[in-house]
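Take a look at these structures.
There are two complexes below, and they share subunit A, which is joined by subunit B in the first and by subunit C in the second.
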Partner chain A sequence: MIVVFMCEHCGQGAANTAGVLRMEYDPRISIVPVPCAGRVGPREVLTAINNSAEAVSVVGCCFGACHYSNANMVTLRKMKIMKKFLQEMGYSMDCVTMYTSRAAEGDTALGDFEDVAAKADGEDCLGAARVE
Partner chain B sequence: MSRSVAVLQLGGCDRCAFQTLAVGGLDGYELRSHSLLPSLPGPESVGHVDVLVVTGAATTDDIQRVQGVDYDILVAYGTCPVTGGVFGLARQKGADIIALADTIDVDTAVYGCPPSVEQLEAALDGGPGERRPLCETCERTMKPERMGQIVRPLSVPAPSECMNNQGIPCSGVVSLDCAQRCVDFGAPCRGCVPSVADPSASMIGYFGSLAADVDVHTEASEWTTDMLGDGPDGITEGLVDVVGTFFRFTLATAFRLPGRQPSAGSLHADIMVGRPIEEAPQLAATVYGLDGISVCLNLVEAYESAVGIEPSPETVALRGRLREVQRVLRELRGAPDLERYSEAVAQARAIGGNDVMSNVFFGGFRTPVKASDAPYEAYAVPGPVEVRAVRGEASDDFTKVSFTTDENGLIREWSCEL
Partner chain C sequence: MTKTKTKKKDKKEKDRQEQRSESHGESSAHDVTGARPAAADGSSEEARVGVFVCHCGENIAGKVDVAEVARFARGLPNVEYATDYLFMCSKQGVELVKRAVEEHGLTATVVASCSREQHWATFATAIAEKGLNPHKHVQCNIREWDSWVTESREEATRKAKRLVAGAVARARLVEPVETTKIPVTKRVMVIGGGVAGLRAAMDVAELGIPVVLVEREPSIGGHMTMLNKTFPTDECPMCTISPLLNGVMNHPDIEVLTLSEVTDVEGSMGNFIVEVTTQPRFVHDNCTSCGRCAEVCPVELPNKWDMGFGLRKAVYKPFPQALPSVFTVDMRHCIDCGSCRAVCPVEAIDFSMKKEKRKFEVGTIIVATGYEQYDPTEIVTYHYESPDIITQLEFERMMAPTTLTGGKIIRPSDGKVPKTVVVVQCVGSRNEQVGNAYCTGVCCMYGLKNASLVKEHLPDTDVYFCYIDIRAPGLHYEEYYKRAQERGVRFIRGRPAELIPDPRTGKILVEVEDTLACRPMTIEADLVLLSAGMVAPKGFGKLGGKLQLLRVKEGFAKEFHIKMGPVRSSRDGVYLAGTVQGPKDITQTVAHAGGAASAAAQPLVKGYLEKRMDTAEIDPQLCIKCMACMATCTIGAVNIGEDGLPVVNDAACKSCGLCVPACPTGAIQVRNFRDYQLRAEVIGLLSADAAATGGDTQ
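Here is the complex of A and B:
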């Protein structure tokens, strides 16, 4: 399972737009709605991974467009620390990602999903490690 | 009627096991078995005991050893048996270290690396008692301000301002008051006594929020939105060792997958490799237990000579006194004696600050030494320690240390002969 936290503004907005247009995305993706990307932190990432997520991602509003005083930019730093953590543990940085999307444009969310799914299949990713 | 107690020392260092020798002298308790006392029978052959105290870090096989003892109450003494402790860091290289408390019900957990004998007595009498948050007891002042950049503690942090405000991660915010109090000796807390259920995640969350202005690499995606980048930035350059900084005592519980870094050759090397030089003296003093003073000082002196730091005569003299204590501790390894041990540790603390030598640093001591009459300037840390790729080697009467660092000052190879 790939856990994607999506903020209720741009993130879920873009996913809804994609849904209305019947765009398809990787079935492994499981969307967890959150009020804001700022709601997601290391605890959510580690909980997902410890419960066998292959990859964890956060999708928030565009930089500068956060609905809660730039909380997405705060999460950006936390996710970078988690990326570095995975790398130091010998896993690919790709297993934790963070994106932005635009509510009116479904393909921005789809682009994010495709990238997350492609990266989750890479070498040294969490999914591959679990299969071994 | 007195309660019967067995003490089972698993892996790890011997500090906690030494402290548990105190049970032998406690009114109302009868020590039936103790891993350090071969004159007593093993814990599996003493029949039923009221209390089993386990110390040290566990491997998968240790689950059976504990289950083989017939006890009513299980006390996990020290951070190791509870979370895997500092030995859990070896999991980064795939080592088998587990948090015993994950598989076996622990009735009382006494956190601390190491705790104190008073805490052991309190635990046997029904509970470890209330502890205050570490920050409440810390002399530094916190400000609700973001940091401009992340800082490695290569010199002694300013004594009045919270280290997190100075850009240096300090886990005091997720910790309770403890027996070692690294923060009193100019060293950031690494969280051996957590105050919350998931200290590592909480601490990264806290520090990440304070770091919200620190430069972070972003890039535009092909589908025209922005995303977080993998490139070097203020986060990766400031946090050279996320594992050792935020997961120092929690790696075996906070992250369930085994690390995939290659083993560095031994359990201790697996802990030391990857750690930045500024954290290494205290870490070595911790994991080498009763030999910790010697390993810590050899490491410091080897790096000093490699980068050209000349310690002052008073610094050298104080280290000499620490090595006198080391001599006593070495003798005690074959002949455990709590009274002599406690005396020696008290002497070591009067110089090195605490049991894990938080006051020892490159070039001098981080804070004034209780046991010295000389003015502080005579042995103060002279300035920031330089980070460089070096090969270091040093030995004394007790241990021989050799290692290499990379250009970032991270330990890349490590070996130590005891």
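Here is the complex of A and C:
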């Protein structure tokens, strides 16, 4: 299972547009709505990882278009730092990703989904490294 | 917690420790009920959740086994009632929800159907009628996020179960949210003083709401005042717009700021604070517009407003009817000779004027910054640098009686009367090579207008009209096209490949394939008019960034919804009027601006906004006063309170939750997206598969 936290503006908007355009993607992708990508932090990501998620992804608005105030940029930095910690803890770098999308363009969400699904499949993203 | 010099590092360390401790705690808590801290006030034991799975006709039921999902939902903890129905959003469906709330004493509802935007409000209002807080309704999207994007029926059903399990876990813990009324500032800012901005400003002001109109240029009126005639009536645009221009200038409720630009925007819908920077005009408002300064000014240069077909002085008015009727000193070209100051009878000229910054409190903002004509230099084969190849906007100025040509149609290079005129359509629009796939939509009409005007003024001149398709939809437009045909304009279906200026003859060879006759042809033209499309103005990105507007990839501002919200922008409280949203003709622009005005006035007429209080909240017992939340909050909604504790300004808080991961102790939480609520949803979602297989084996 892949947990994708999507912000309620561009993230969920792009997912809705992708749906309207009937763009098929990996059924493992499960969207968890959050108000903003900035709401997602280590606690949420680790909750997902510890409950057997194959990969975790955060999708926010594209840069410069955050519906709050640059929270997507803050989240990108946060995710970068978090990746380093996860690597230290023995997880793959690929298991946590941050993307942006555009509500008007469903294919941006589709691209994010395809990428995270490919990452989840590659190198046994979380399966091998999961702490028992 | 001791303060160290390496505060950052310390915080990181703390974060990490916490993550570890939490992850240990949770690895044992695999059951759905586990992950709720003692601090949670909504007890999940008391929650009685109802689940309603929608078929949406075949939209969902075609892919998802809805009955199976409802059966699965029945097995989830705290679910009192679960069912499926053909159309949940229908009157009967809504009644079904209401009845279930009453009969089963539900405390929260989950409707698994379409997106939150589409039908959350439908069911939230329904349960509110039965006495529940509307926020006790959780919308679960199994259409856009599942049935429409999943191929296999089996996978789609499994995914639906997962999403429903997540939503149910959320519904068990969801808290009621109150709405409060926030007073609004009764004033509207209109950015852009073209026909859209003027119409919007007038319409708002007529409702008794004060308006601030911000225009970048020295005069208001925009592109419409530059036109010579308007289709389909061939009316004089200046005559049509001048009542509006005068009306806006003289309206007691409209403040017009020319030479001004918006430089900063703060606040949110209802209470924006906008900083406007006004460039100095170097002429005071007591200018009587007598024009003696311009008579004596020794500097003469091409008038930008006349597209180079007229001259102006360094102290100037762009056009005689320009409003505000005040001269402007162009400091870039002024040689500071002082002659204008010497002759001014009212001593209005003042070179000491400085750039001014003012802040305005406004409730809503209307953006009407308009368009820019596509610059044809990008298409090198069209040789726009040749003086006899001009755009339609330049032709409009050439035809105007106030310019150097005196309203005559001439070749700009030698002043001769053209014997052959070629109109080239679709320059910069319907052209994927330059990145504009869209059709501007108005070029056909103004191209036809100018082609028949040439024919009317110079009956002996041949006029060729090279087009891809003629797009003349609407009342009286097709008739206008017919009239151009009757006047003798020759229509050639084909986009010219190249315009070659011939230096020997001074003519322009137009290479075009007549695709109807299937033959290539070369037209020897004296004058070529390029129907350049409309593009988003170059500087718009800067303003768009300040207003936090989303833009489509063509550069225009994106509307809220193309059908149902064409005048709302992507940001609350900011509305779009006219061509800022996409190419439009004057008729459409005026209608669009009227719509924007009424939308922008709505909250101000009402006098208040309804604000959802699902804002951030701080637990003083957990707070260690590290102020990380205050540092993180990008909109400045967290401030220091009396006892040194951070406090959240509920009116400013937009519930984004950026502060929550920043808090090292979890003291700050956003209502309904608290740590334990989000955790429960994630765990519910992820453990759904196990729950489903467990259910199957029984």
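Operating definition for what follows: the second predicted complex is superposed on the first by the 126 of 132 C-alpha atoms of A that agree within 3 Å, B and C clash if a C-alpha of one lies under 4 Å from a C-alpha of the other, contacts with A are read in each partner's own complex, and residues count from 1 in each chain.
Throughout what follows, a contact is a pair of C-beta atoms (placed from the backbone, for glycine too) under 8 Å apart; a residue touches a chain by one contact, two chains touch by 3 or more.
What you see is a predicted model, and the numbers here were worked out from it, not measured in a lab.
When both complexes are overlaid on chain A, the residue A:Arg22 reaches subunit C alone and has no touch with subunit B. In the superposed model, A:Pro33 makes contact with subunit C only, not with subunit B.
Looking at the shared chain after the overlay, A:Ala103 reaches subunit C, while subunit B stays out of its contact range. In the superposed model, A:Lys78 lies in contact with both subunit B and subunit C.
Using the contact criterion defined above for the overlaid structures, shared-chain residue A:Gln12 touches subunit C, although it does not reach subunit B. Applying the stated contact rule after C-alpha superposition, one finds that A:Gly41 touches each of subunit B and subunit C. When the shared chain is aligned, subunit B comes close enough to touch A:Gly111, but subunit C does not. Contacts of A:Asn50 after superposition on the shared chain: both subunit B and subunit C are touched. When both complexes are aligned on chain A by C-alpha atoms, subunit A residues 41-43, 46, 49-50, 70, 74-75, 78, 81, 85, 102 touch subunit B in the first and subunit C in the second. Of all residues in subunit B, those touching subunit A in their complex are 92, 198, 200-202, 204-205, 207-209, 211-212, 214, 216-218, 221-228, 230, 233, 235-236, 239, 241-243, 246-247, 254-257, 259-261, 274.
Those residues of subunit A that touch subunit C in the complex are listed here as 1, 3, 8-10, 12, 15-16, 18-20, 22-25, 27, 30-36, 38-44, 46-53, 64-71, 74-75, 78, 81, 85, 102-105, 131.
Of all the residues in subunit C, the ones that touch subunit A in their complex are 12, 15-16, 18-19, 22-23, 26-27, 30, 35, 115-117, 141, 143-145, 148-152, 155-156, 158-159, 162-163, 166, 545, 548, 550-553, 558, 570-571, 632, 634-635, 654-658, 660-662, 666, 670, 673, 675, 678-679, 681-683, 685-687, 689.
Residues of subunit A touching subunit B in their complex: 41-43, 45-46, 49-50, 62-63, 70, 73-85, 88-91, 93-94, 97-102, 107-108, 110-112, 115, 124, 126, 129-130.
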